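Here come two complexes built around subunit A, the first alongside subunit B, the second alongside subunit C.
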Partner chain A sequence: MAEIWNLQRAQEIIARHKAQEGPMLPILHELQDRFGSIGEEAIRLVAQSLNITRAEVYGVVSFYHDFRQAPAGRHVLKICRAEACQSMGGEDYAAALLHSLGLEWGQTTKDGRLTIEPVYCLGLCACAPNAMLDGQPRARLDATTLQALAGEAV
Partner chain B sequence: MGLIHEVDYGTKSSNSTKLVTLTIDGQSITVPDGTSVMRAAMEMGTQIPKLCATDTLDSFGSCRLCLVEIEGRAGTPASCTTPVAEGMVVHTQNAKLAKLRRGVMELYISDHPLDCLTCGANGDCELQDMAGAVGLRDVRYGNDVKTHLDLPKDNSNPYFQFDPSKCIVCSRCVRACEEIQGTFALTIAGTGFNSKVSPGINEMFLGSECVSCGACVQACPTATLIETSVLEHGQPEHSAVTTCAYCGVGCAFKVEMRGEEVVRMMPYKDGKANHGHSCVKGRFAWGYTTHKDRITKPMLRAKITDPWKEVSWDEAISHVASEFKRIQAEHGKDAIGGITSSRCTNEETFLVQKFVRAGFGNNNVDTCARVCHSPTGYGLSTTLGTSAGTQDFDSVMDSDVIMIIGANPTDGHPVFGSRMKQRLRQGAKLIVIDPRRTDIVHTPHVDASYHLALRPGTNVAVINALSHVIVSEGLVNEAYVRERCDWDEFSDWASFILDPKNSPEAVEAVSGVPAQTIRDAARLYATGGNAAIYYGLGVTEHSQGSTAVIAIANLAMATGNVGRSGVGINPLRGQNNVQGSCDMGSFPHEFPGYRHVADDSVRHIFETEWKVPLSDNPGLRIPNMLDAAVDGSFKGIYIQGEDIVQSDPDTKHITAGLSAMECVVVQDLFLNETSNFAHVFLPGSTFLEKNGTFTNAERRIQLVRKMMAPRNGYEDWEVTQLLGQAMGMNMHYTHPSEIMDEIARTTPSFAGVSFKLLEEKGSIQWPCNEAAPEGTPVMHVGHFVRGKGKFVITDYIATDEKTGPRFPLLLTTGRILTQYNVGAQTRRTPNVAWHEEDLLEIHPHDAEERGIKDGDWVKLASRSGETSLHAKITDRVAPGVVYTTFHHPATQANVITTDYSDWATNCPEYKVTAVQVSLSNGPTEWQERYRAHSSQARRIAPQEAAE
Partner chain C sequence: MRIFVPRDAAALALGADKLTAAIAAEAARQGVEATIIRNGSRGMFWLEPLVEIETPEGRVGFGPMTLADVPGLFADLPAHPKALGLVEAIPFLARQQRLTFARCGVIDPLSLNDYRAHGGLAGLERARGMTAEAICAEVTKSGLRGRGGAGFPTGVKWETVRKAEAAQKYIVCNADEGDSGTFADRLIMEADPFLLIEGIAIAGRAVGASRGYVYCRSEYPNAIKIFNEALRIATTAGMLEGFALELRVGAGAYVCGEETSLLESLEGKRGMVRAKPPIPALHGLFGQPTVVNNLISLATIPYILAEGAEAYAAFGMGRSRGTMPVQLAGNIKHGGLFEVAFGITLGELVNDIGGGTTTGRPVRAVQAGGPLGAYFAPSQFDTPYDYEAFAACKGLIGHGGLVVFDDTANMAKMARFAMEFCAHESCGKCTPCRIGAVRGAEVLDRMVAGHARPGDLDLVKDLCETMKFGSLCALGGFTPYPVMSAIEHFPEDFGGAPLPLAAE
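Let's look at the complex of A and B:
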């Protein structure tokens, strides 16, 4: 469960990684793990701490889809939209799920329970279509199992 | 005269000495190893289509337009990232490449608004050119595809527009901001289709980390980043190269014109000082040249309480001449004098001092350098034998240790500051000695190894302590000192410096700098390789300004750091031509070339040239002129391009002196604080309206070219000539080049300089004479100009300006990037968007003690006077120190500063004033009274109707 933003904790995280070579990615990962997202305050703090500009930090944060600038829902379901999953009907299953939840790609349910995001290949093409719920891969999905997966996350 | 077109070679040149021969499109070419295929092709005149490459940036290889085929290699590599190899056979054009390029171009154009005819970059767009070059005829992608065409424009910056709908994401702007300017304000946000150029965290340009240097605008190959002035006027049709009239860096610019209107200033790649870079002032802040406040007609008045009356040039000139003659008849020939300007050209300055020496018959000529770098002249002449910086700017790229003392290059000399940051990013070490944490101490990608945050006024103590460590720890370069310097003088100095009073431990108590930091910094300076010192007014503007310059020279000589590239002693000179105005004999005791007026042989040269007897008595310095005026013996003054009321210390004393004179003549672009006390106003011309030369901080003489007729009718030198003629002098120059010829005839260090040579070579660093016909980039190579380097004992003597219970804080002053000195020009441009008023920086501790919150009105009081301004709470300044800028006349920071000055040169002690700060509720009585006087004094009487 993500904590709310805490300057001192954030500084501790930065201090722990600062001395290593290429400290920005490990810092951003840990900040996101701790606080659920990397907001503007975090970007400014990382920039200041590493003596780089906020533009540079923002460039990195916005480059990687897995870094989020606003908090996600309590659970995140990433559904693969790459070629293998598409060819196995993944797009239809995903569309049906989104429709049933009333969401677009990248949106979160109103109760903050679930965020649905696209992902482009989880490396599980042999057992497509697949998805990942809160970091756990799930394979050989269909309309029903995908729906159930979304329901699992409470 | 058409537009100057600079060739873009696509990638940087290689300075390898190894040569490589290859074949491109059947032609053989030999280039240095490390050259890119793209550049090699361009060297022989073949332009390979390109978008993301430009020769001011490292190659990047993202646009995929510059693909070539190389025999024996697979695929179609990008020519910008492929270095040449011996025997390589390259094809830049064939059917396969054409198809690939068209395909790439088609994709670019499918997401580009096809509004070329109404686009601001029409006629100057690389995307347009490349579409033509690759023969794009059709875009097959439909109208229903996703595009970026609806992205909103960012018009927040007053000088350029950012229109992301036209962006091709080549990253040239991002790379220019990083590699050239070193600000890193831009990034490519997002990825894939969502990639977008973003200042900061998806911010607007204004308000982001952007410093508006214009490097991104210059680098942009499309209309995405484009000057507002180009959007307004359209493309320029002719241009010429000139020299910037702001700071002492001396950037070369192409002035791009339409008729008599400036469209834009483009940094010139071949400029030896700036190499194609610029700052927000030189690049954009030229709007003052046509500002409505400019006075273009001469004006007279009998009393300073009268309104001004516009008169003809004839009337104004003959009035001045008759007044000056009358005053000399009534009060003696020494009752008048003149002030030259570091904003004017060498030729104009030379003429004003000639006017005074030969026309007035005295040596009462001084210059604004009095209040900035006169101690540099004294200190460096004494120790090394010449009054100038020892290096060229390029030398910094060979430095391993850079020591900055009392200078703020990223604000005051931004283009050189960027250069310095390039070298620091490459790994050079930095030591900063400054009471304030200037940007360069800690700024993205740059961190000083040591910041010696000394108490204002303790420079000499700290520099002595650095030398103490070097001598006591055996770090002196003895071989160098024995060979190059006077050994006896060195020995005397060494025993002085070893005195325990100069030890870091003793100096810690005086300066507040921890002894260990002084020791570490001294060791780094002495042992870190090539060590260069750059210093500014934080060194000179003190009661011991000259002593500090000498102490710096001692330090550099003791460690062998003078006389080759990468080292040296470099005053960062404030104004565009302050070096030149000093060279041209602006000081009361010196003829051009720093030769004393009492030297018979020198006087003989000028007496022969000017055909009049000359005085061998040094004349009055500016403060002495004002003292004499208050005493009643000095009655008239000709001031060209200097606002002494705002810029010189102790405003009340200055205004009292001017008020006591009978004929104050001010020649300037605008009515200013000094003209409030003037009887004659002669309108001046801008740097765009005259021919001449400026000399920058590295002794580089560069041409200033006339781009338009002077709005006031005359170039400034012509006005001085008219005055000279009216006073009975035989002056008949038809062009400033003739004045330069006279300078060359009379001044050995300029003997080889002529406009013809400057036209040929672009610029020349003096000395330029028989011994150095092409000028001198680095001085004192092999031996010092004066012969043996002279060590001089530099006792630290605390200033008389001391804190006490009534005035417990020390005020120091400085500049900011977007404004220039008294702001006469920059305040009349959109640069006020960044700095609309002077603020008082105060440490949180001092603020809290006084109940001051950020943004409060505070009263700043010293023994001299008081003023009010808004407070800014910051830990950039140490507790006990406050800081402000002096760009705005409303603040009148110099009401506060005292009349203490350098013992040797009278350079005022601007950088140390004991003050008290307290909450206030608005401007002080002085400010209100001055404002009232100022508006009263600037009235211009309406023209009488024509008969």
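Let's look at the complex of A and C:
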């Protein structure tokens, strides 16, 4: 569970990585893991600590699909949309799930329970279609089991 | 009683952890003393979770296992409904030439003793007695070409870095395996991680590098966990002899699999592609001479050093020497990793080894080499698996993935997806890629919806030419491959007449 923003903890995270070569991604990953997203205060702090501009940090945060500037739902379901999963009907199953929840890709349910995001390949392509719920992979899904997986996130 | 249950991500995605707990509980209930070893996967994914039990005759397999199949493991084994017999006699495995993947699924991935007992470290030990120049020469002689897709001779790249003079040189392992239909890097990281560490240690000696990074995609949390643990064990055991190796995690950008974009990302920047020259071998990470190798290239090195360049080069055909881990994926009955010498035909791989589609319908198309690779039609199934033969078909081997589609696939939709994916992942540096992919998807949308305007097909072809010649890297440059091959081989999906059978 993500913690609320805490300046001192954020500073500790940055201090721990600062001496590494190219510390930006390790810092951003850990900040997001800890606080759930990389908000404006985090961007300012990283810029100040690494002695670079806010624009540079923002540029990195906005470039990578993994980084989010606003928190996701309590659970994140990433559904693979790449070719191998398409070849096994994954797109239809995903569309049915999104329709049943009234969501578009990248959106979160109104109760903040679940965010559904696309992912382009989980490397489980011989057991397609696949998805990952909160970092736990699931394979050989179909319409029913994908719905059930979304239901597991409470 | 020794029982093996894989800790591979695919096995976990199919319930391997619950299965392990159930087996332990059943063993306790029956009073059987059982040791459960969490091995890697053998790469026969249609059988996962594949449980193996050690017997005097060898390891026998059971799969795909469900919880209901667990009690039977403690009864008459040959009568078990999921019994597969001796695992190494399963034709899919027995027909392979496993040089690089020999230990995958056999050993406990985190046991250095297992690794050593199964031939590990022999390559590094031999390299320690050789000069840097001799190691580079050995790799050149093996004929190994970059397994990420470009197929550049690995030994030549190493020699360039070796000769460069700098206070700091780097080894960078590209484990940003983003192509759909590929999982070879993941398999090594999860099933035989010491192999990669050994390959990197040899590379470091060969070029005089003392630091290295493995850049792994964030979509592989299980591989990251296992590799980091292996790295800790290897470092403690002194395997790296002071070479500083670190795993870095990407952040969901496909383009970072391109080597210069990967270097930018490692440096903490946006993953924008760099223009070449200068080449990374001379001006790479932080401007220093850098070997950037695909994970599979590095994982192949220990075999070459242990067995000799000739032994490796004895496999293959033409200028494609050695073996390739072909990854059979998508709508295929026997999906998995098949390591084999170059020269086998595409049809043998898809039909004989893969068993055709899992839906049982006819194969319509096979995409070779990931999202930037061409779609092949069954009429091209006699094409040998070889860098040059694939290039002659306007296709590419890429990282070795084959994604099979049955006859329900709409190839105009797949062409459209190629453009959409390029638009989604473009780093934005080159206009033909950044804007062309968006416009391409729009035109193909019209065609898929049946509202094509006169000249739309020519427009797409022209756009593909512009992207191919006007983009710095393979993302914009190769997205035309799937698009053009779909148009060429499946014209009926684009409003044209089907190809006559004889011409196909």
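Convention: the second predicted complex is superposed on the first by the 154 of 154 C-alpha atoms of A that agree within 3 Å, B and C clash if a C-alpha of one lies under 4 Å from a C-alpha of the other, contacts with A are read in each partner's own complex, and residues count from 1 in each chain.
Heads up, the rule we're going with is that a residue touches a chain if its C-beta (ideal position, glycine included) is under 8 Å from a C-beta of that chain, and two chains touch if they have at least 3 such contacts.
All of these numbers come straight from a predicted model, not from anything done at the bench.
K.L.:
Touch check for A:C121: first (subunit B), second (subunit C), both, or neither?
P.N.:
A:C121 contacts subunit C only, not subunit B.
K.L.:
For A:L45, select first, second, both or neither according to whether it touches subunit B, subunit C, the two together, or no partner.
P.N.:
Neither partner.
K.L.:
Figure out whether A:P23 sits in contact with subunit B (first) or subunit C (second), or with both, or with neither.
P.N.:
second
K.L.:
Decide which partner touches more residues of subunit A, taking subunit B and subunit C as the two options.
P.N.:
Of subunit B and subunit C, more residues of subunit A lie in contact with C.
K.L.:
Contacts for A:F63 in the overlay, against subunit B (first) and subunit C (second): which applies, first, second, both or neither?
P.N.:
both
K.L.:
Have a look at where A:N130 lands relative to subunit B and subunit C in the superposition and call it first, second, both or neither.
P.N.:
After superposition on chain A, A:N130 lies in contact with subunit C alone.
K.L.:
After the superposition on A, what does A:R54 contact: first (subunit B), second (subunit C), both or neither?
P.N.:
In the superposition, A:R54 contacts subunit B only.
K.L.:
Does the superposition put A:A139 against subunit B (first), subunit C (second), both, or neither?
P.N.:
Once the two structures are laid over each other on A, A:A139 reaches subunit C alone.
K.L.:
Quick one: is A:L77 in contact with subunit B, with subunit C, with both, or with neither? Answer first, second, both or neither.
P.N.:
Neither: A:L77 stays clear of subunit B and subunit C.
K.L.:
Looking at A:Q86 after the superposition, I want to know if it touches subunit B, subunit C, both of them or none. Which is it: first, second, both, neither?
P.N.:
second
K.L.:
What part of subunit A is shared between its subunit B contacts and its subunit C contacts?
P.N.:
56, 59, 63-65
K.L.:
Which residues of subunit B touch subunit A in the complex?
P.N.:
Subunit B residues touching subunit A: 183-191, 198-202, 208-209, 442-447.
K.L.:
Under the definition above, what is the set of subunit C residues touching subunit A in their complex?
P.N.:
9-10, 12-14, 45-46, 48, 177-183, 185-186, 211, 218-223, 246, 248-254, 265-271, 286, 327-332, 335-336, 358, 367, 371, 401, 403-406, 409, 414, 417, 421, 424-425, 427
K.L.:
Help me check something: in the complex, which residues belonging to subunit A touch subunit B?
P.N.:
Interface residues on the subunit A side: 40, 43-44, 47, 51-56, 58-59, 62-65.
K.L.:
With touch defined as at the start, can you tell me which subunit A residues reach subunit C in the complex?
P.N.:
So the residues of subunit A touching subunit C come out as 20-26, 28-29, 56, 59-60, 63-67, 82-88, 119-128, 130, 132, 135-140.
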